[in-house]
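Next come the structures, one after another.
After this come two complexes, each holding chain A, first together with chain B and then together with chain C.
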Partner chain A sequence: MSDEPAAASETDADTSDSIADMVGVWAPRGNEVRVVAGTAVVLALFPFAFSRMPVVSDLLQGYQSLATLILIWGIFALGFDLLLGYTGLLSFGHAAFWGGAAYTAGVFSQQVSGSPVLMVAAGTAFAVLLAWALGFLSLRRGGIYFAILTLAFAQMLFYMSSSPLAFITGGENGFTGVETAELFGTFPLESELPSVLGLLLGTWLYAFVALITVLCVALAYRILQSPYGMVFRAIRENEQRAEFVGLNVWRYRLMSFILSGLFAGIAGSLFTIHGTYVPLASFYWTTSGEVVIMTVLGGTGSLFGPIIGAGVYLYVENIVSGGHPFDFIAPFWHLILGLVFVVVIWVFPRGIWGFVRDVRDAVTGGDD
Partner chain B sequence: MALLETENLVKEFGGLVATDDVNLAVEEDERVSIIGPNGAGKSTLINLITRRLDPTSGDIRFKGESIVNRDPHEVVQMGVSKSFQTASIFSNLTVRENAEIAALAAEHGSFGFKFLEHRDSLTDVHEVARNTLDAVGLLDQADRMASELPYGDKRRLEIGIALAAEPDLLLMDEPTAGMSPEETEATVDLVEEVKREMGLTFVLIEHDMEIVFRVSDRIVVLNRGRVIAEGTPDEIRGNPEVQEAYLGGVDL
Partner chain C sequence: MSFHIEAITVLLNGLQQGAIYILLAVGLSIILGTLKFVNFAHGALYLIGTYAGLLLALEINLTSGQLQEWGFDQLGLGLGYIPALIIVPFIVFVVGLAMERWVVEPFKDRPDTDQILVTFGLAIIVQELFRVFFGSSSLPFSQPAWAQGPPQVPFLSTIPISSWRYYVIGITAVLVLIVYVLVEFTDFGLIVRAGTRDPEMVELLGIRLSRPYIVVFGIGAALAGVAGVVGGPLNPVNPTIGNEILVPAFLTVVIGGVGSIAGAVLGGVLFGLTQAILVATYSAWAQVGLYAIAAIVLLVRPQGLLGEAEVAP
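Showing the complex of A and B:
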C-alpha cells in the first residue's frame, strides 16, 4: 500500500521529516491523508444516499438511525479485526468490552455527566482496563482455549449484570436511566444540522458518530502502519519465529487485545448514546458472535472490510427483516443472513472487501 | 571466559537421555560444528541453548550469565540467534518485512509502545534490514512475498532473519538440509562470507561432512547425547572412535 518508488519516497522523506520534527508522531505519512479524507467523504455522503437521496434511498429503504448504528458496529468490528485478522486471535468474548463500556457510559451519564464526549471517554476507559485484565488472564492459553476463556469471562459479566449487580445495571430490564446531554452543551443530538449539512448528514448524533469513526479509522490505519502492524502480522504468520527473533510475543498480543478493547469501548459507549438505553443483551454471547460474523463477512485483515460487514449484517437484520425488497421474506431474515454469510464465505473466502480488492487488482493490473 | 558454556547439561525425555552431561564451551570468534549420527541429540542441544526446551539439570551460560531461567526472546535479545532446520519465515509478509521484523527486535528491544509511530520513521530498522538482505543476496527480491521464493531462497531468508537480529552467537541448525547441490554450494559460500566479513561466532549443526570440515575451527562429536570427541577438523578426521560411532568405520 505504501510501497512507492524508492526515488519518490526519498525526496518525500526529506520534507516529511522536517514536518515530523514539528508535529512529532502526529504528522501524516504515506497514504494516511488519502485514507482519512476518503473515509470522511464516504461517511459524509452515506446517510444521504442511504435514507434521503431520491431513487437510491427508495431502493435501499434505509433510515438515518440505522446509518448511525452501522458506523457504531463498524468501529467495533474494525477494532475486532486488529485482533482476529491481523494478530490471528479469535476472541469470543468481546461483548465484555462492548457491554462494559455501554453500561459504564450509561451509569456515568446518570451519575456524573451526560456530555457525550465524557460518556465515550468513561466507557472507553473502563473497556480498556477490562481488556487489560481479561487479556492478561485469557492470553495464557492459545487457540480454542483462548476463545473459550474469553467467552467464559464475558458470560460471567452477563450473569453479574443480570442479577447480582442488577441494582446498578437494571438486570433483565437493561439500564434505562441514560441521560444524554447536548453535544458540547449546545447541540441536541437528535436535532438536524443546519442547511446542507442537515441534508447530507442528518442529525448531530450522526455527525458526532461519523467524526469518531473517522478518528478511529485514522487510529487503526496508523497502528497498522506502525511497527505494531508488522509485528501483529508476523505473530499471526509464525508465532515461534517471532519469539525467536527476540520479540515478546505475549506482550504484543496483550497490546493487540487491549487496542481492540479500546475500539469496542468507543463503540459500546456510542451504542448507549445512540439508543439512550443499555439492553442486557449487550453482554450476551450473541453480541460477541455478531462481531465475529461481521468481521469475517466483510473480510478479515483489512481496514474497511469489517465496517462493510457490519453494514451488510445490520442491513439484513433491520431492513430485510422488515420485508424489503419482498414482503414474504420478512419472517425468514435469519435464514437470509445465514445464506448471505455462507455464499460470501464460499465465493469470496477473504470476505466482501477481499472480493473488492481482487476486482480492483484485476482492473488495475495488480498495481495497488 | 567463553561466550557460551554448558555445564553438566542433562535433558531427559521420560526414560530417554537426549543430552547426557554435556560440557561445551564456545569461545568468541570461534566456529564450532556439532556433528553426530541421527538421534545423537544435536537438535535437542540447540533447543536447550535457545530455551525452547527446559534442561532437566545443569546450567547454560551466555557471556558468563546463566540463561536457564530466561524466556526465548530474552535469550535472543542477549545475542543468541538461531536459524531453523526448516525455512521458518513469515510467509505472507514481503521479504523486506521479514528482515525488518528481526531488525526491529534487534534495534528496539523485545517490546515497545510505538503503535502511533509510522514505520517509515524507523530508519535504523530499514538500514539493518537492507544490509542483511544485501548480504544474503535477496535485496532485488525485497518486495516479493516470502511465500513466492524458491526453497533455497527461503532458506537464505531464514539465515537472513537470524542475521538481522544482529547476534553475537549464531546457531545454525542444518542450514543446507533439503537443498540442491547448487543451493548447498551457494549457502556454504554465504556462511563462509558471513564468517569472514561479520566475524561472527557460530555453532553449526550439519550432516554434510564436507561443509563441516570446510567451515569449522573445532568440531564436537555427539553420540547418544554424550560428547565422544572434540577437536580440530584434522583431529576428528583421524579419530578412530568417531569413525566407529558416526561414520561406521568408513575411512575419510
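Showing the complex of A and C:
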C-alpha cells in the first residue's frame, strides 16, 4: 500500500494526470498506514491475550465471545465519537440506529439471505436512511433540544417495535428468527480458523468482526484527517465562526450525524450476527446511554478512546459483575460505572485516552 | 357502562396522568428557563420522592437488596400519607439545594453537553444506589385506604376512579398555581424573571442572583418530589421509574415551551389526555402517540406551543 504514491509519481505527470489523481485519492495519508497496521496487529493479538494466553487470561477471566462483543460496541462508540467528540453534538438516540440495523439484519437473514456480509449491508443501509430522516428532523433545534429530540425519536421507535410493529419485531420477546449462514458460503462463523490463526483469532466470527473494525478505523481516520473532518472540528470549536467563513454548518452536522449512524448500523448488524437474536432493549434509551458512557469514559475526540471505553464498560458489565475475583464489588458494578463516569466528566473530560496521553507526555516531556 | 361515564373516566385518568407530567415539567421548565441548566437527574429526584414517601408513609417488607441482607426485613416509619406528603417536598427541596450548590454551580460555565452528561451520570448513581439498597424488585406502594374507592359525592361515586386520582389532580392544581403566583406576582419572581432576561444587568443593580437561583432549583426539585409521592401509589415502585418518567417529562417541557409554566400545564394535559384516550381505544399505540404529537408540535412550532421564538442563541 505504501508504495502506491511512489508509483504514481514515477509515471509521467503530463499524460496520466487522471490516473495519478485516482491513485492519490486512495493513497494513505499522514500516519494512516501506522494507525491501520497497528490496529490490525492489536486486534489480531487481542482475543488470544484476552481468552487463551496462559496466566494473563486467567487473570483477566476473559472469553472469546466477549472479545467479539467489545469490538462490535467499539465500532458503535467510534462512530458516536465522530458526532460527540468531533462535531460536538450529543445524541441520546443512537439506539435507533443500532436497534434499527439489528432488526433489519435479523429480518433480512430470515426473509432474504443469511450471508453475514449482506446482513451487514442491509442493516447499515437501513440505519443510514433512518439517520438521514431523524437527523433532518432533530437538527432543526440545536444544543439541548437536539439531545432531547433524538431521545424522543428513538423512544418512539422503541414503543413502535414493542407493540404496533410486534408482528415484525416479536415485541417484548425480541426477534428470535435470525438465521445466519456461513461466511462467503464456506466458513461457519462459530468454527475456529485453521492452525495458528485459530489460536490467535479464534472463530471466523471474530475474524470477520475484526476485519470490519479495521476498515471502520481506517474510514474514521480518513474522514477525520480530511478537510471534511476538519470542518467538523471547526463547528465544534466555534459554530458561528464556521458559519461566517461560509460553511453550511447545518449540512456538515447532518452528514456527521449520518456518518455516525452508518457506524452504528454496521455495529448493530454485527450485534445481530453475534447474538443471533435481537432483544427489544436494543431500541431502549439505555442503549443510547451506554454508548454515551463508553465514549466519554474512553475519551471523546480521539480515535481509539471510545473503543477502549467500550472494552472497559463491557468488561465491568460482564466479568466484574459475575463474581469470582471481584466478589466484593460484583453487586455494585453499575453503581461503580456511574461513579467513574461522573468523576471522568468532572475531572478528566478527555477520558482514559486523554489521561494516558497526558501521562505519556509527562514522561517523555514532549507535547507532540 | 354508558358512554358518557366511560368518556369522563378516560378524561379524568388523562388529567391525572397529565398532572404527574405537569409537576415534573414545571420544575424542569423553570430550572431550564432561569438557570439555563439541563437536568437529566430530574427523574432521580422523582425517584427519591417516591422512595422517601413510601418509607415515611408505610412500613414495607423488603425482599431483596443489601438492606434486607443486613437484617432490615421491615423498614419504614408508617406515619401515614398526609405527613409523607408534607415532609417529602422539604427533603427533596434540600436535596435540590445541595445539587444546585455542588453540581449546577460548578457546571454553569461548562458546555450544555457536559451538564447533560453529568446529570445523566448522577441519575444512574441514584438509581443504582436505590437498586443496591432496596433491590430491583417492585415494592408495594398501595393507595391509602381512605382514597381507594370513588369519592362519596353524588354523581362522582358512579365513576370508577379512586379518590386518590382526584387528590393528585387537586394537589397539582394548587401547587402549580402557587408557583405561578410566586413567579409572576412577587418580588422574588420579579428578580428571577429579570435574571432570566439579563443577569448581568440585575447584578449591576446590586441584586444577588445566586440566592433566588438556588431557591428556584429547590422549588423545581420539591415539585418532582411531590410528583413522586402522589405518583408512587399509582404504579409499581422500582429503581427504574425515575428514568422512565424523565423522557415524557422533558417532552412536556419542550412542546409546552421552555420557561413557560402555562406551556408546561398545556403540554402535560395534552400528553395525559392523548395517552388516556389511546389506552382506551388503540392501546398498542398509546406510547407512540405521545412521541408522534411531540414530533408534530416541534416541526410546526419549534419553540413549543407557548414558547417565545428565540431571537439569537
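Criterion: the second predicted complex is superposed on the first by the 334 of 368 C-alpha atoms of A that agree within 3 Å, B and C clash if a C-alpha of one lies under 4 Å from a C-alpha of the other, contacts with A are read in each partner's own complex, and residues count from 1 in each chain.
The rule is simple: contacts are C-beta pairs under 8 Å (C-beta built on N, C-alpha and C of every residue); 3 or more make two chains touch, one makes a residue touch a chain.
These figures come from a predicted structure and were not determined experimentally.
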Touched partner set for A:L137, first chain B, second chain C, both or neither: second
Partner chain(s) touched by A:G88 [first = chain B, second = chain C, both, neither]: second
Partner chain(s) touched by A:M156 [first = chain B, second = chain C, both, neither]: second
First (chain B), second (chain C), both or neither touched by A:M255: first
Chain B versus chain C as contact partner of A:L215, first or second or both or neither: neither
Which of chain B and chain C A:N238 touches, first, second, both or neither: first
Partner chain in contact with A:L129 - chain B first, chain C second, else both or neither: neither
Interface residues, chain A side, partner chain C - complex: 84, 88, 90, 92, 137, 140-145, 147-149, 151-153, 155-156, 159-160, 162-164, 166, 285-286, 289, 292-293, 296, 331-332, 334-335, 337-339, 341-342, 345-346, 349
Partner chain B, residues of chain A touching it in the complex: 2-3, 9, 13, 16-17, 20, 25-26, 29-30, 222-223, 225-231, 233-234, 237-238, 240-249, 251-252, 255, 259
Touch list for chain C against partner chain A, complex: 32, 38, 66, 106, 111-114, 116-118, 120-122, 124-125, 128-129, 131-132, 243, 247, 250-251, 254, 283-285, 287-288, 291-292, 294-295, 298-299, 302, 313
Interface residues, chain B side, partner chain A - complex: 50, 71-73, 76-77, 81-82, 84, 88-93, 97, 100-102, 104-106, 108-122, 125, 143, 161, 164-165
